[in-house]
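Consider the two complexes below, in which chain A is the common component and chain B and chain C are the respective partners.
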Partner chain A sequence: MADIIGPARIENIEPPKPDYDVQLESLNQWQIAWRRFKRHRMAIIGSTMFLTMVAIGLVGPFVFQYDPNNIPVPDVKVNAGRPPSLAHLFGETGRLQLDVLTLVINGIRMSLLIGVIASALGAIIGTIVGGIAGYFGGWTDTILMRIVDALLSLPLLFVILAFSQFVGQGTGSWLTITIIFGLFGWLGIARLVRAVILSLREADYVDAARAAGVGDARIIFRHLVPNSLSPIIVATTLGVAGVIIGEAFVSFLGFGVDPSTPTLGNILSGSLEFINQGNWWWAFFPGAAIVIIVLGINFMGDGLRDALDPRARI
Partner chain B sequence: MSRYIIRRLIGTIPTLFIVSLLIYAIMQAAPGGPEQKFDQNPKITPEQIAAFRHSWGLDQPIPVQYCRWVGLCNPDGQGLGVFISNNGLPNFLPSFLGGGTNGVLHGDLGYSSTSGSTVISLIAQRVLPTAILAGISLLVWILLALATGILAAVRQYGKADTAITVFNYVGFSFPTFWLGLMLILIFSQDLKILPASGMWNARTVPIFGSTEYWTFFGKNPGGALLDLGSHLILPVVTLVFVNIAGDSRFVRAAMIDSLNQDFVRTARAKGVPERTVIFRHALRNALLPVVTNVAIELPFLFAGAIATETIFSWPGMGLAYITAVRTYDYPVLMGILVITAIFVVIANLLADILYAVVDPRISYG
Partner chain C sequence: MTEAVAARERRAGVGDVLLDVRDLRTYFHVMDGTVKAVDGVSFSIRRGGRLALVGESGSGKSVTALSIMRLIETPPGEFAGGEILFDGVDILKLDSHAIRKIRGGEIAMIFQEPMTSLNPVMTVGDQITEAVLLHQKVNHKGAEEITLTALKDVGVADPKRRMKQYPHELSGGMRQRIMIAMALSCNPQLIIADEPTTALDVTIQRQILELIKSIQERTGAALLLITHDLGVVAETVDDVAVMYAGRVVETGTVENVLLNPRMPYTRGLLESIPSQAKRGQRLSAIRGTVPNPFRMPPGCKFEPRCPYAWDTCSESEPDLIQIGEDRTARCWLNDQRFRSRLNDYVASRPGGGE
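Now for the complex of A and B:
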């Protein structure tokens, strides 16, 4: 037997050529999620809508070079403004006769900025609070979660409304209002993070980390929080839409950002006075911008949820 | 079961306590105070402001202010005696047991700092309009959510399902106040068929809630209802359009879940007509989660009418809140927040209990 399968003969045997190509890809979690996201039709539509609005907000001021602060000589005859025309695609506002298109472009940028920053701030606070509550448990958890429960039983928009008015007196800077929204926007994320960490803190790798002498803060934020990133990303994305609508409402009522800063809510607020004179274009376009942004974010958030967290469907 | 209910009832006490603490803390954290309303008035002297603060007890330490507001402390007491009521018993006891009469615990929310009337009477005037708006919206909303949800579930992935899903997403993305504005533009500015704002036609109908209104209502109920109805259409449409999405999706999910159960297949195999299968077998089971979901949403509908009320000048609690924010009327603000929070906590409790009662599969120890 030994001389039949000699070493010389083995060298002569060529490995059989496969008649097909095997390509093994190893994909990490994010690449898999990105594949699922790309296949989600609604998510792609939503992202396109959202990114288009972002692009308009960023590039728009360079394409449509009207100065929003450039106030032409008001024409007494058309106090209520002019309807859309070729010179002013979205028409002119009443009184100061500003170009509505320019206002809306700047409003989109401001509103997106406020939405993204406030939502991110809420996510950070929520992750910290949820992480601490879930990891330490016991009394810390009870007290923190009781506070979350209590805050959730308040109508938060009411509270934000009062807070914005008392802090800014209706002329707060956009950053002030953003911070207020962030300070009241962490409750949902805190609950999410706590739930994930509660289920993971007894895992072996946490014990291993602790045995290796890793500190509590590092275990929470390096070992546990990354596992709850998926729900955090989804909630933060959807949160942007919530803040944009909320800010628009607060500013619309005149309690929010200083009226000279063009947020979508402020533009709507100004239009209210001229609605009776048939000045529909002033109110229509900023509101339509809000709807497109929010619809885009909601589609995108749903796609993200399906891609990142396929089990979490209602 | 009763042990579970009692345990949950006791569990609400710390929550409500923390809620009261938070409301107070948030109002303290915001700069300014009730005296902020004199800010634009050059004739007011610092002495007058100090007198104003003293007369409202705002010169007291914050814990004392909170203690008085909640009703743990007796404002007439001195030193440690603040915890003792005028009857010589602990102040937090109910009045008929010898406790005090002041503070949230005893149903006293204080006085409005602008009009001077009690907060309770102010809110009481506003409850009925809000209840009418919220109640009718809720009715329309549940019926439509059920209808669209069932249709979408039965025709899952069909044309109707897609259309309803898109409609839900669009509705969900509308800012309430902008939708209201657009409806006013179309139906009252352009077409002039519906009133833009208010709850009654000021030219022909007396003020709602006054005795004149009810005598008018008694003489001409049809006309009064027609007037009320025409003012209700736009706010109700606004509220329903924006809020229906969540429940419609919820009903759809519950119905799909229920339609895939074994008992539905059994019913179909026995030859039960499809209509009976859907409404008798599947819907009954799908309703369980829907009922509790509605109970949880109820208070938010009540409070959520705020945006709608401001657009349509509907004289409810939302409008009262906005006015109070404008005039720095802290007692009214806190009163409305307290009442809404109590409403939310009770509704959550009811939802949990309801769920345990209607679903025999769930046992609570």
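Now for the complex of A and C:
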């Protein structure tokens, strides 16, 4: 018995697998962050709100094909707007009697476009300036950060007012306003990136990269910036909300985007004089759109902050 | 084959001097004054040679290594004097572009902390490939081939998969292999290993040392090993330079220095190694601590801690005194005038004199 079982058993024993054969798929930073983000209830609510608005901005113009620039012959007798009806779900504006729904959809699109482009522009400039200041330190840092301090002390509203006086006639095209917001929106990110890189540059892998002959620019933008992406992403996301509010603010005051371009701020601005005639729908819907977008972005940003925090686990 | 023979011949003393550090002075200007971290360090390595810089924490051995790579930030650092001749060129006089060619290309460095010396958001393959692309005229595909070969050479199993992994997916020993692969990928003439095994556990230490040694022998590169572990020194290198308080205090072949130290500090270091022979006895230690960098003793820097010191030692500091061929010690005992003291010193050697 033993003779028969013995060798057979030995053959049946599988040789232990070498440890390098174990196919353990470990998650990278982004997979871990995504997993945390999915569990963050407010983040999911926020991104649903935000993405819905993005979808409306992108798809809406094709579904509701009122041309915002195709001005109908207004009903002279009425002049004031008309409340929501089946034909015009969000009502009609006063004076030109434009479809508010069409305006809001196009406003969402323009406002998001301005917010995203300006915020991305700010993030790029801020990362470059902050990265250089943080990495080189010393005089470079002092000079760049004092410039940031000086610019931060300027009231943005007056700067934009002055800029749009130069560029347009009191108001600018949406791209001009976007670029102005981008050019002044990098200050916070520059400070943030500088602080992160100031601590990261002492890391051993920076010395190791330098010892391998890697140049300064490459170390900043290929080694250090990717390591500081988390706070940059959070700040940029929250920045989109800031720009949308800011654009609405200056456009509302009449110093922003040219009134013929429907941004949420412009629509609100137009509604102002009809509010006391009871035309609530003209102000309500674009206002609600701003609230939903900004709230969504802020929830999403908070969720991103938690998800990308390297100190938090699980 | 011929490469290995050539490497051996070079080590046997045939090769000319590759790295010649002469009277190097690296100071740091800090709030409280000036720290002379390296103050008159001289040593040289021949092509294919192996030298260890030994000393305790704060003796200036790492700063010496970083100075050779010009990785000292200035300010607060300052190269206050001396020269570092690499292949006849003074590294301290090179502009930043030329020094970048040398870093990684001619001189490669392996760092102490494999856990933090790799960028956590880049795959290890990308990190090695980056170094290859910087120093060799190859396209991206060629660089990846070289990376793959380098990983195979350092004994990484399944290198294709490893290349796509991030540092956090690898063990400490594996990461140090990656660092070594990165160092050897550009065929450097000199490899500086700054305490390459300190952060690893003992079983892995041995593997890594063997690996560094075998790669050094195969490629014929010179090795500058920085360590505080005399056991590592005995196994790995041919020559030793002992450092104390920013100075080289003794140089020579491993056999000479470890068996017959001519500087009491070296003897103190050797006596403080726990070994079989001294079982049951109290382990001897060097009394006192490294002098405060702001209040260095005026004479020999080791004098306050030296059991053999006499008044000459506290009055003036000795130079590196030539004892034999390729053998020096910075100790008055080796001066002709104090012959009798040297005899007493040698006779007092634990385990009997010669």
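Basically, the second predicted complex is superposed on the first by the 274 of 314 C-alpha atoms of A that agree within 3 Å, B and C clash if a C-alpha of one lies under 4 Å from a C-alpha of the other, contacts with A are read in each partner's own complex, and residues count from 1 in each chain.
The rule is simple: contacts are C-beta pairs under 8 Å (C-beta built on N, C-alpha and C of every residue); 3 or more make two chains touch, one makes a residue touch a chain.
Note that the structure is a prediction, hence the values are computed from the model and not measured.
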| item | value |
| --- | --- |
| Which of chain B and chain C A:Asn227 touches, first, second, both or neither | second |
| When both partners are placed on the shared chain, which of chain B and chain C touches more of chain A | B |
| Which superposed partner A:Ala211 touches (first chain B, second chain C, both, neither) | second |
| First (chain B), second (chain C), both or neither touched by A:Leu151 | first |
| Partner chain(s) touched by A:Ala241 [first = chain B, second = chain C, both, neither] | first |
| Footprint overlap on chain A, comparing chain B with chain C | none |
| Residues of chain A defined as touching chain B within the complex | 146-147, 149-151, 153-155, 157-159, 161-163, 165-167, 169, 241, 245, 248-249, 252-253, 255, 268, 272, 275-276, 278, 280, 283-284, 287, 290-291, 294-295, 298-299, 313-314 |
| For the chain B and chain A complex, residues of the former touching the latter | 14-15, 18-19, 21-23, 26-27, 29-32, 36, 39, 169-170, 172-178, 181-182, 184-185, 189, 249-250, 253, 300, 303-304, 306-307, 310, 321-322, 325-326, 328, 333, 336-337, 340-341, 344-345, 348 |
| Parts of chain C lying in touch with chain A, wherever the complex brings them together | 69, 71, 75, 100-105, 108-109, 111, 113, 116-122, 127, 130-131, 134-135, 157-158, 166, 168-169, 179, 182 |
| Chain C contact footprint on chain A (complex, rising order) | 18, 20, 26, 28-29, 138, 203-205, 207-215, 218, 222-223, 226-227, 229 |
